[in-house]
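Notes follow the structure.
All chains are identified by letter, namely A, B, C and D, in their written order; residue positions are counted from 1 within each chain.
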Amino acid sequence: MELDLQLYSVRTDLALEAREMAQGPTKSPIPGVNEEVEESDGIKITRLGVATPAGSQAIGRAIGNYVTLEVPGLRGGDTGLQQKVAEAFAREFEGFMTRIGIGKDSSALIVGLGNWNVTPDSLGPLVVENALVTRQFYELVPDQVSPGYRKVSAIAPGVLGLTGIESSEVVQGIVDRTKPDVIIAIDALASRSLERINTTIQIADIGIHPGSGIGNKRRGLTREVLGVPCIAIGVPTVCYASTIVNNVLEMMKSHFGQGAPTKEIMGMLDDISEQDRLTLVKEVLEPLGHDLIVTPKEIDEFIEDIANIVASGLNAALHEAVDPTNVGAYTH
Amino acid sequence: MELDLQLYSVRTDLALEAREMAQGPTKSPIPGVNEEVEESDGIKITRLGVATPAGSQAIGRAIGNYVTLEVPGLRGGDTGLQQKVAEAFAREFEGFMTRIGIGKDSSALIVGLGNWNVTPDSLGPLVVENALVTRQFYELVPDQVSPGYRKVSAIAPGVLGLTGIESSEVVQGIVDRTKPDVIIAIDALASRSLERINTTIQIADIGIHPGSGIGNKRRGLTREVLGVPCIAIGVPTVCYASTIVNNVLEMMKSHFGQGAPTKEIMGMLDDISEQDRLTLVKEVLEPLGHDLIVTPKEIDEFIEDIANIVASGLNAALHEAVDPTNVGAYTH
Amino acid sequence: MELDLQLYSVRTDLALEAREMAQGPTKSPIPGVNEEVEESDGIKITRLGVATPAGSQAIGRAIGNYVTLEVPGLRGGDTGLQQKVAEAFAREFEGFMTRIGIGKDSSALIVGLGNWNVTPDSLGPLVVENALVTRQFYELVPDQVSPGYRKVSAIAPGVLGLTGIESSEVVQGIVDRTKPDVIIAIDALASRSLERINTTIQIADIGIHPGSGIGNKRRGLTREVLGVPCIAIGVPTVCYASTIVNNVLEMMKSHFGQGAPTKEIMGMLDDISEQDRLTLVKEVLEPLGHDLIVTPKEIDEFIEDIANIVASGLNAALHEAVDPTNVGAYTH
Amino acid sequence: MELDLQLYSVRTDLALEAREMAQGPTKSPIPGVNEEVEESDGIKITRLGVATPAGSQAIGRAIGNYVTLEVPGLRGGDTGLQQKVAEAFAREFEGFMTRIGIGKDSSALIVGLGNWNVTPDSLGPLVVENALVTRQFYELVPDQVSPGYRKVSAIAPGVLGLTGIESSEVVQGIVDRTKPDVIIAIDALASRSLERINTTIQIADIGIHPGSGIGNKRRGLTREVLGVPCIAIGVPTVCYASTIVNNVLEMMKSHFGQGAPTKEIMGMLDDISEQDRLTLVKEVLEPLGHDLIVTPKEIDEFIEDIANIVASGLNAALHEAVDPTNVGAYTH
């Protein structure tokens, strides 16, 4: 819990960023946290494993597996690149499921968290709209389902302010009745760095924890709560004004080099730890009510593109009959 | 079941129309079915009680209470009339709840059935969007809730084709976990007469039965299934091409009088029963795949207006603190 | 003018239907009207030429060229067929432009008529949203435009009720300033037969005439008014309740054969001309305000699909560099 | 031109902010720029007059009249306050028109600039949707128009990237044909301070200048270009990441006082001028492509609320028969 508050204070939902912050500028390895990086076609894939309580403590993230796809070029709106990212995401997601023991015939419930009326929070509902759902055929005409598919259902449970019901309660009710083998929860996240917004996808097997995400999801969607594994897919779509400032001051330090001039230019802002600097910035902004959560101006297009990538990738990863090269046909 | 098929064949979801068809042109009373009609301000309210198995058999509707508001003027888009209808609906709904024994403190779950991507089927989800939900305050800050409200939650469970899950299963899961005292289910209906489309609201305490409505809701939302009473609110938003033709032929008969000329003009179409005539029309249309379900061209505006009326009326009926004259402030 | 009223009374915007009605059941050729029919892959293409004043008089349509694509299967939502129709439409449109003398380098202004808030009337604005516009590049960086494109601009002028300005005035203002070589106007139409709704595309070189279309476009978009040729692309998306009834009665006649039984079954409705029958039906419906204009329940999806077909086809026909097989990439 | 670039470099479209920046911390009056401030009900109204070339030069704004409404509380979503702001805006706008000589019977063309597909840029089109247009009645049934109205038309010309036509060209074409007496152009703006986003409305009689606004509007909408006066209404809905950083550093200076500690804490960032600091921040961000334009996460709701305020206010200011207390009835 204490950990949680601390994490919240740096305001990132990405394990990658939590690790970077824990490492600091030295970038020395953290015991109990292993990492594998792969890069091609402008897509950087980082597979992070938090293996021990010490590792978990060090980066403030639960023990588990985390895969991150970073694609700075995504912001350019290049449809060819989007296709490649969907394929890479499909491969990674399939591999991820295998590694954590989800079989090819396991049934899945896709949960699209977030609020469809708030563009940067609408990722989950948009992915649900484009998911290839098949459970109805298994229920109604089980002997007519072609091979190459698995049983998939999908729901956007809404947010507490609109339904009066925690999304976790809606999901638990559905899990109780429909008994899926795995939950795949999609959510919009907050990032601490501007460049990761709308360019990064995280897959994690630790579910959705209270206080994560940008909406109201107090009770978690975790294996402990639901009784089945819960894979979380998250994309940062917003950040705090304070983290932008902090992020830019950090960039200034790199920009001016690590030597004396930085101190001269930035005064104490150069010396203090990132955490202290952020506290300082928040101290200035919050009393004025200006620590807004912001999102890029082009969010409408970004969110649609990334939702298509995630939905296409999921459809290909979940159904063998859906080919990564023709996934488009299954989304709007 | 047999009854059901027969009902489906006349394609109405309105008890009022079922009764009219059972009565035929003579309009003689039906034993076991009592009726009370009230009319003012262009709003005609019919309270129908199906009291006995014989009555139920005669009109092909379950034993229960049915209230219908008919407002031909609604199609004119007059905001003053809309306000009056919202108030009348609030009064009727409140009275209806009292009559069937739902107390002022009973908690309610509003269920918006239908598909938000299909305009004439989006009534339920639109009402949910505009419902005043309060359950979260009772859960999180129970001692801070002002008097004059009751515990209300609301969900749009989606349709089978989009979620892979029957909406009744979603609702049952939520009912199991949140234990509301009453379900209020809103659904778009099919009508057999053009003039009732978007001008009629039906309240009934028999829940939603399989095969009713225009979407995919095979399992019912009824007291038997859910364990709590279920009030259904329905508005006809579509009709079949075949029922339009049938309806117009019926109007022709009235138009030309009941005498010989009708026979001359309409041949056998005049003689045969409404049911036989409909069968004939369908026989012509269906092989060609032309028995389309149609909706008025102005459906976008109609559905928004009627959803506002129902949501405003519900908000006023469910919460004493919401005044019928200021309900607008609680809807978008 | 008189002609116009008569045409309006049968309520079709399709030359094909006007010709069918003029021919009657005998289907004998009409002097001054020539026709060429081609059918493959479930797509029926009719090229109609109204060559003489007598022909024009006979079918109540202006002298000019009319091409109609009829694709009954379109209602099935088959994406493969949609792709084929887009390609066929592109070919026909390109041929049409060549036949009427529009060169490969002629600049075009696409005009999307209709009201984006009324789903069945939103075809024009939707096509404009998906049109590949290039004029800005020719204006700003003329030497950087790749070969294989032409100068295309696009506008949705709105409807009189929303703007206070006739769409023809908006278009004329833009034509005066931007001097396109040809106008391509897209509009939703009314049909007299149920089966043509959302399954038919008409191309005509006679522009948009007063009283055509389902919206408010009193002044025309014609060569006479604008000073440049105006090609109209229309898709029927609605029909009147009265034409449905009339249409079904017609189908009944065919269904029961041409002999005695029809007379017996349908009385005078069998004998009288289609026009008289329609007058009769309207006489019954209009005083009650029930001669609604209706559209199929699935209009949201239909209109999106057909707008994509038209936009993809136009993009391929207007720009050589856009290949009919990859047109999809240029639309949303 | 040089001025313009400089202005662009500080990235504000608000005259108020330009004046603040020109004044610097001393807040001494600027010759040739007069100001009147009024505050009540949480609404601060500043009437700024730029009277002389020297004044214009000093603040980098054209000679003219500028009225700004600042309402920090607007972000709270309080509908009572929104109503008050609409009334205050209506009063100010009416007064503004009188001061610059626009009579009560002058006809007006409302121009909604911006892109309806980009939420923070959709203010103009949204206001147009809710404007009470009447011109069609003056054209079609001039003798039936009630007193208390004036001739108003409204158009959303789209953006260059979607239409291929400069919005100024579209507007000029319409002005040429419909001859309005005054243009009222609505546009989303960029602000240099976080707290003004979605809480500020500016009215100015200088039209829309090239390079202003957040979209593509290279040619201006000015009296010189159009031949009629052009009043611009602007609301800041976005800001640059770099201006957020700069803005926060400025706030830090105030926060820590003007003395020695600031220097210690902020190093050179404290000393240098705002302009130099901004240049520094941009130097860091731009090469990385991270000087994003951002908008608050809640932009969907904000933009709808503020569009309603502006439309309601305009409707009341333009039509005497529309009462500031019942303006709501004329907007969606």
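We adopt the following convention: contacts are C-beta pairs under 8 Å (C-beta built on N, C-alpha and C of every residue); 3 or more make two chains touch, one makes a residue touch a chain.
Keep in mind that what you see is a predicted model, and the values were worked out from it rather than measured.
In terms of residue-numbered contacts, A-D and B-C present the same interface, as over half of their contact pairs agree; the other options in C-D, A-B or B-C do not. The chain with its Cα centre farthest from the Cα centre of subunit D is B.
Each chain gets one centre point, the mean of its Cα atoms, and the points for subunit B and subunit C are 36 Å apart. Averaging C-alpha coordinates per chain places the centre of subunit C 42 Å away from that of subunit D. Centre-to-centre spacing of subunit A and subunit C amounts to 47 Å, using the average Cα coordinate of each chain. Residue numbers of subunit C whose C-beta contacts span two or more other chains: none are found. Those residues of subunit B whose C-beta lies close enough to touch subunit C in the complex are 72, 75, 117-121, 194-195, 197, 214, 238, 241-242, 244-245, 248-249, 251-252, 255, 263-270, 280-281, 283-285, 288-290, 292-301. Chain contact summary for the complex, subunit D toward subunit C: residues 117, 128-129, 133-136, 151-158, 160-165, 169-170, 172-178.
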